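Chain nomenclature is as follows: A, B, C and D, assigned in order of appearance, with residue numbering initiated at 1 for each chain independently.
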Amino acid sequence: MGQTVRFGISLDEKLLQNFDRLIEQKSYMNRSEAIRDLIRASLVEERCGAEDQEAVGTVTLVYNHHVRDLADKLTDHQHAHHDQILSTLHVHLDAHNCLEVIVIRGTVLLVKQIANELISVKGVKHGKLVLTTTGEDL
Amino acid sequence: MGQTVRFGISLDEKLLQNFDRLIEQKSYMNRSEAIRDLIRASLVEERCGAEDQEAVGTVTLVYNHHVRDLADKLTDHQHAHHDQILSTLHVHLDAHNCLEVIVIRGTVLLVKQIANELISVKGVKHGKLVLTTTGEDL
Amino acid sequence: MGQTVRFGISLDEKLLQNFDRLIEQKSYMNRSEAIRDLIRASLVEERCGAEDQEAVGTVTLVYNHHVRDLADKLTDHQHAHHDQILSTLHVHLDAHNCLEVIVIRGTVLLVKQIANELISVKGVKHGKLVLTTTGEDL
Amino acid sequence: MGQTVRFGISLDEKLLQNFDRLIEQKSYMNRSEAIRDLIRASLVEERCGAEDQEAVGTVTLVYNHHVRDLADKLTDHQHAHHDQILSTLHVHLDAHNCLEVIVIRGTVLLVKQIANELISVKGVKHGKLVLTTTGEDL
């Protein structure tokens, strides 16, 4: 982290009151942190729109582990991309359903492609990718 | 609009540089306006999550006007909700395709329901709802 | 439109019941139309991710028309892109607030850029872009 | 899982060709699975809009572990909701940045509230919640 700088912003009193109410409800300790989060979120969103940017993705999958060959296929896909897949978390939701979160690092394009490969496996009931930042420059 | 108030926020220099680059690219004249837009967007998003809040929605439809009864059905739905539908814009995209934007005002729940009715009409190729604010308190 | 083709899909009975409930709630007349809409929405989403694709966008703006020079600036931006801007709809929300919907046609990249120019104008309280299709191939 | 049922859908040949291209690109083995995924995604989206529904959420956080008290605060929040928090995955992105994925189970409302508590902690650079299903009925 570099130097901390400070600047002022002006806005309508009523707007500020509404914002203060929102950030209290979202558990923020103060406005600065809430606004920094809005700024960082806008930067992450921008970057994740550029396919050649380095990013980290987390794919959340829910699947029925009784489906034939499903676990093997998911493992095969992950090994085929072992350079990009950093880690995996597995949760048993009930007797049939599992949740798996796979953390992937690479270009936005590659992260999306690996996520699609995992989500499209037969037996995966729901899959969703979140793209985030490597944390640098934020 | 009420009184204008002013407050300071502090953040990392590098983060600020990245934000300044982003807002220049998005054509903002200054940081204050960019941050006010982030604040207002977060408020609009919050409110549109509450189904009993008053909101304005714009539904964008693309459809093939040759489909039998389509135009009539769209008109019927709009008349059935004439209290909520404020206005409609029609654009001829090519010999077959039309774009229509319908502006709806009501509770979030009602706006969504009317949007669904319009989007689900046979022959509508694509439909999407944007929820926004009535402008008060922002 | 070309030839109509037909194919079968198989799925779990319980899943189908839940889907039938959802599409009834969304006012669909039958499953085929609901599934075609899901298919078309997935195609539109894919295309709008590619910046060089031709697309149509609708930008919804809410603004306070009392803000100095605001209306002039919005008009200036629109004239600067008169080749891309197809039409504009204006609604008076109350004594102060206006809603404007601007329909833009061009590459995804250009539509986004014009939308950003409009949304970033000082006095615009909320702005949102919907990207849709020109209707061809759907 | 219950009985498998089968039904036919009809659509324009050109639309089907475009869809076949898209699902190949997304690594689907066949149309049925791709359409089942669209159906399930629409059901998950619907349910996660209702705050009293049971859901599972995964929160992805990126943070700088050097920030004072940050790790303690995150742990405190998680312990305060130990009934809802099923598991946590931690990845060291570089010398400064960590990624953490927290799996939460509860009503949509409660999952969102816990996610907000975690995302708003000072030092968390980016946080995002994905809402998914418990897997039942899908």
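Note that a contact is a pair of C-beta atoms (placed from the backbone, for glycine too) under 8 Å apart; a residue touches a chain by one contact, two chains touch by 3 or more.
Keep in mind that this is a model prediction, so the values were computed, not measured.
> Starting from the mean Cα coordinates of chain A and chain D, work out the distance between those two points in Å.
9
> Could you put a whole-Å number on the gap between the CA centroids of chain A and chain B?
25
> Counting only residues that touch at least two other chains, what does the list for chain C look like?
Where chain C meets two or more other chains at a single residue, that happens at 1, 40, 138.
> What topology does the chain contact graph adopt: line, ring, star, complete, or other?
Topology of the interface graph: a ring, with each chain touching two neighbours.
> Chain pairs that touch, all of them, please.
A-B, A-D, B-C, C-D
> Of all residues in chain C, which touch chain D in the complex?
Those in contact with chain D are residues 1-16, 18-19, 22, 31-32, 35-36, 38-40, 42-43, 46, 137-138.
> Give every residue of chain A touching chain D within the complex, in rising order.
Against chain D, chain A makes touches at 1, 23, 25-29, 33-34, 37, 40-41, 44, 56, 58, 60, 62-64, 86-89, 91, 93-94, 96-99, 101, 103, 105, 116-117, 119-120, 122, 124-128, 130, 132-136, 138.
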